[in-house]
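In this document, chain identifiers A, B and C correspond to the written order of the chains, with residue numbering beginning at 1 in each.
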Amino acid sequence: MAKNTRSIEERLQALEDREAIAQAVCGYGYAMDGCNAPAVGSFYAEDGVYAVADVGAFEGRPAVEAITRRETHLGLVHAGCAHISTPPYIVLDGDDAVATCHTMVAMHGENGFFVGRLSASRIQLQRQADGAWRIRHRQNYMLDGDPRGPAMLARLKEGRSLHEGK
Amino acid sequence: MAKNTRSIEERLQALEDREAIAQAVCGYGYAMDGCNAPAVGSFYAEDGVYAVADVGAFEGRPAVEAITRRETHLGLVHAGCAHISTPPYIVLDGDDAVATCHTMVAMHGENGFFVGRLSASRIQLQRQADGAWRIRHRQNYMLDGDPRGPAMLARLKEGRSLHEGK
Amino acid sequence: MAKNTRSIEERLQALEDREAIAQAVCGYGYAMDGCNAPAVGSFYAEDGVYAVADVGAFEGRPAVEAITRRETHLGLVHAGCAHISTPPYIVLDGDDAVATCHTMVAMHGENGFFVGRLSASRIQLQRQADGAWRIRHRQNYMLDGDPRGPAMLARLKEGRSLHEGK
């Protein structure tokens, strides 16, 4: 049991890191549904990238924050929607981490609620200078038959690769 | 990094608090789907309130527990349902906390499963005399176009307001 | 507050245990959607059992891993699917634990995404010789009116029973 060689401080820090990472992953969705741009931005690094395979890449915190003002997003919010991230599986490595989860956008329409989008997500986070964990790169693939989604989920136990994203 | 000024005891306590709060939030749904009234009640303060915008307010633990015996609830359970709370974003402040999440009720009908309800939730909890965290006030707004849902989600980083609910 | 009688080491260990258990519960789904058999197997004990009431029991790690190669599973993955576990309610008791959650399989079809399966899950885990928490027995009941699902969810606060499963 490797953990017995770690100090109380190291073990506590690792738990705090995992908690903070999980909060950034889930908090992003609530901030997005609330169209709270500063809160959305607080979860992303200044140069963070949100890469949505079927939509495009939002590069930099201002671009991610601006999603809250897009017509397509406002249309979803006005009709009723929930950007849901499932509990993330986290690989922690010092000041870097990779979180794997599903993201589901449940929506409201004329016939009630429905699952509008369903994606695989691989999220690279980093501990920043102020101690906060923020997203550096998030890759989403729709789970609609695109083989890149399952291929990315299969890597849940892999930490950050040298040449991956940022 | 503010946390470095906190003691091991304080940091450990904060992690335990967050874990206990998350358990109360998710446990409530399983207890409700199992029609286990005492378990439902164990997550609510004696004078706790569950305010469902489109249904009404259930005031006090006995009223919340009694949901398990309502005809509408039993109908859902007999047909098949899951009261799901997504991972909560938690603002912790001493003996008080606010948790923000989505709640989804997935149901079973003639044509299979469907998303029957989808709400925004803002949950105020308090550490009680016995050390347990319990819900003092929970506000739900259906995410069906009601603008109060997104407005409430936008407050995910705000702690308890002086005049909010209880 | 019983916890004040516990040492820092005991409290830290309990938090690490809960974190590891939650990771095994959610990680399983991502591994399954990624058809990553070794990752799936890593969450199950050598003699672990995955009992799906309406399908049958998969007994032993190799049988659970082999689900990733089943035609029915590959069909879901190729069409697009997400095996989602909701945040687990955990009863921890030394080297044993029971986690209660819902499991939902969201799928993709001709008319978009839909909730294909929705189950109640009761998952018994054990700390193994290498220190890792693994699943010894997982029972799923479809939430389609089968009364065993709600009856099992009602037991969310019960630890492992002597004669339950393994």
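The rule we apply is simple: contacts are C-beta pairs under 8 Å (C-beta built on N, C-alpha and C of every residue); 3 or more make two chains touch, one makes a residue touch a chain.
These numbers were taken from a predicted model, which means no experiment stands behind them.
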List the interface residue numbers of chain A and of chain C, divide the shared ones by all numbers used, and answer same when the ratio is over half, different when under half. different
Tell me the rotation angle, 0 to 180 degrees, that brings the C-alpha atoms of chain A onto chain B, to the nearest 5. 120
Hey, how far is the Cα centre of chain A from the one of chain C, in Å? 23
Spell out, as numbers or ranges, the residues of chain A touching 2 or more other chains. 8, 12, 15, 86-87, 114-115
In the complex with chain B, residue positions of chain A that touch it: 8-9, 12, 15-16, 19, 22-23, 25-27, 29-31, 33-36, 39, 42, 77-82, 84-87, 106, 108, 112-115, 130-131
Touching residues (chain side chain B, partner chain A) in the complex: 1-3, 8, 11-12, 15, 18, 86-90, 100-102, 104, 114-118, 120, 142-147, 149-157
